[in-house]
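Presented sequentially are two complexes of subunit A, the first with subunit B as partner and the second with subunit C.
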Partner chain A sequence: MKKLFVTITILVASVVTYAQGTVVNKYFNQLAGDDKFTKVSISSKMFSLFTELEAGSEAEEEFLKAISKLKGLKIIASDSIGNAAKMYTQALKDVDAAGYDELMSVQDAEENMRFSIKESGGKIEELLMVVGGKKRFVLLSLYGEIDLKNISKIAKGMNVGGLENLSKIDAGN
Partner chain B sequence: MQATKYLTILILFMGLSYQPLFAQESILKEHVEHKRDKKYCFYPSTLRMVNLKQNQDYNALVNGVDKLLIYTLDSATRADKSYRLLTDSYLAEGFDEYATIFGGSMNLSILGKEGKTQQYVGYFDQDGEVVVAFYLKGDIPWQKIPTLLQNMNDMDMLDLFDFKDLSF
Partner chain C sequence: MSKLKLMESRIKELQEKYWAGETSLAEEAELKAYFKKNPSLTMEGRYWNALKAKQTQTPPKAFKHPSANWRSRWSVAAAITVGLIAAVLVIQDARSQREFVVEDPKEAYEITRKALLMVSSGLNEGKTYSKEIGNINKAKEIISEEK
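So, the complex of A and B:
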C-alpha cells in the first residue's frame, strides 16, 4: 500500500512538472536547430540570483519583489519568418488544447497577441504570451507563482516587446 | 606520531575535496584549451590589479572569486560551434542550467553548481565574431553588481581584452 502511494505521488508529480511549460517546451524542441528563432531560457537558479540584487529605486524594489516567486522564463521569437500568422494560429490551438485559460487578447492591424494562464489550486503557475504579426512570432512562458497584481511591474522590468500590454490587466483591476 | 597521523588525514581530505573542483575546471580545458586564440587566468590578486582606480565596489565583488578562466576561441571553433558541447559535459557533472539564449545574433549559456564553493561555467557568442568561454570558481555577491555598474567608469579598469598582441 505504501509502495502504491509512493508510486502514485511520483507519477502525479511527474505529470504536474511536465504539464508546466507544455506548449513552450514543445516549440523549444521543434525549433531547437532553427537559427531564425531566438530561444531564451532563464531558470529558477538565475531568478534566485536576481532576487539577491540590491534595489536602487522603489520601482526596482517592486520589480525584484514581483519576480521573487518566479521559477523561470522561456521565450521563442523571430522577426523574419514568412509563416508567422500560420504559426500564431497553430500556437493558439496548442495553447487551447493544453488547457490554458485565455486572459486577454489584443488585436490590431500590425499583429495579434493573446495572453493565457494556467492555474492550479487558485494560483497562477504559468503565463503564456503568443504574438503573431506579418513576419513576427513570439511565444513567451513565465512560470512560478505569479500574482496578477504584480504582473505589470514584471512586464515593465523585463522590457520584452508585447509584455507591456499586461499593464492593461492592472488597469482593469 | 599522532600529529603526523592527523596531518596525513588532513592532507588526504584536502586533496580529495580539491580534486572534484579541479576535475570540473578541466572539462572546460579539454573542450577549448587547444581551440583558443587567447587565455586569461585571473586570481583575486590579478582581478584587483585591473581595477586601476581601486573601486571598492569592484573589489568587494571579486573578493570571493578564487579563480576566473576566460578563453577567446579561434575562428575554426567559432565556425563549427563545437564549444557548445561543453554544456552537455557540465550538465552530466551535475551543473544546472542558469540561462541560455540561442539563435539570432547572440548565443549564450550559463551553468552553475552550488556547493561549498560556487562554480559557474559557460560561453558567450556575439555574431560568431567573438566567442568567449569562461569558468569561475568562487562566490560573487550579486547584490553589488548594480552599485558597481552605476559607480564605475570606463577608465577605472584596465582593458585587458584590447591587448591585441598579448598571448599566453
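So, the complex of A and C:
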C-alpha cells in the first residue's frame, strides 16, 4: 500500500510538473491544423544556446540578461480571425481555470490584454500573455525563472512600444 | 574411502559395540577422545546445532487475507493504467508540439527578441495605465478637497 501511495504521488507530481504551460499546450493541440494561426515553440535547449551569445550593445545585454533564466517560449497568434474577441474571453476562462493569477489587464478601444502568472516558492515560473483584438488573438507563454523587472526594461532599452511587432513574427510554418 | 569416512564408520562400529556392552577400555577411551574432539557430533552438540538453526530461520510469512491480496493487485493495476495514460498524453502532446519547435538559432533568437519586446511593452503599457489611473484618482481627491 505504501509503495502504491509513493507511486501515485510521483505520478501526480510528474503530471503537475508537466502541467506547466497547460493552457498554451491545450491551444497548441487544438489549433495544430489551423493555418490561420502562427505557432512557435522555442525550447530550453535554444535558450541555453542564447546564454553563450555576446551582447553587442547595452540594450542587447539587457535582453540577454532577461532571457538568461528562461526555459521556454510558446506563441500562438493570428491577425486574421473573425472570432478573436470570443477566443480572448474563452482563453481568459481557461487561464483562470488552470489556476493562474492575474497580474494586470489593459483594455483600450482596439485591444484587450491580460498578463497572468504562475508562481512557485515566491518566484514567477510562467508568464502568460493573452491579447484579443478585433481580428487578432495572441497567446504567449514564457516559462523558466521570470524577472518582470528585467523584462519590462527591454522595451525601454530599445525604445519600442506597441504590439504591432508580433505580426512580424514568422516562424515559417 | 576417505580417511574421514573410515573414521566415521569406525566410530559407528564402536558406538554399536558400546551400546551392546562389548567395548574394551581402550575402545571406550577412543570413543571419548573422538567426541571430545568433535563436540558437535554428540547428542548435546546436535541439540544446540538444531536450536541455532531454528533461531536463524526466517519466520514464515504472516497470514494475509486473500481479499487484501486482490486489493493490492487491483491498485497496482490502477496505478499502471494511470501511468500509461499519463505517458500516452505526454507523448501525444510532445509529438503535436515538436513540429512547431524552431530549430534555427538565429530565427529563434529573433522570435524571442520580438516576443519579449511585445511582452515588455505590454507590461510597460499596463504600468502607464496604472500611473494614469493613479493621476486620475489624485485629481479626484484634489477636486473633492476643493469642494
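Keep in mind that, in the parts below, the second predicted complex is superposed on the first by the 141 of 173 C-alpha atoms of A that agree within 3 Å, B and C clash if a C-alpha of one lies under 4 Å from a C-alpha of the other, contacts with A are read in each partner's own complex, and residues count from 1 in each chain.
Here is the rule we use: a residue touches a chain if its C-beta (ideal position, glycine included) is under 8 Å from a C-beta of that chain, and two chains touch if they have at least 3 such contacts.
Keep in mind that this is a model prediction, so the values were computed, not measured.
Set side by side, subunit B and subunit C differ in how many residues of subunit A they touch, and the one touching more is C.
Judged by the touch definition given at the top, the superposed model places A:135 against neither subunit B nor subunit C. In the superposition on chain A, A:113 makes contact with subunit C only, not with subunit B. Of the two partner chains placed by the overlay, only subunit B lies in contact with A:36; subunit C stays clear of it. Once the two complexes are laid over each other on the shared chain, residue contacts for A:56 go to subunit B alone; subunit C is not touched. In the superposed model, A:155 lies in contact with subunit C only, and not with subunit B.
With both structures placed on the common chain, the touch criterion links A:65 to neither subunit B nor subunit C. Comparing which residues of subunit A touch subunit B with which touch subunit C, the overlap comprises 32, 39-43, 46, 49-50, 53.
Only residues 72, 75-76, 79, 82-83, 86, 90, 93, 96-97, 99-102, 105, 107-109, 111-127, 129-130 of subunit C touch subunit A when the two sit together in their complex.
Taken together, the subunit A residues at the contact with subunit C in this complex read 1, 4, 7-8, 11, 14-15, 18, 25, 28-29, 32, 39-43, 46-47, 49-50, 53, 63, 66-67, 70, 73-75, 104-106, 113, 115, 127, 129, 131, 138, 140, 142, 148, 151-156, 158, 160-163, 165-166, 168-169, 171-173. Chain contact summary for the complex, subunit A toward subunit B: residues 31-32, 34-43, 45-46, 49-50, 52-54, 56, 60, 78.
By the touch rule above, subunit B contacts subunit A in their complex via residues 96-104, 106, 110, 112, 141-147, 150.
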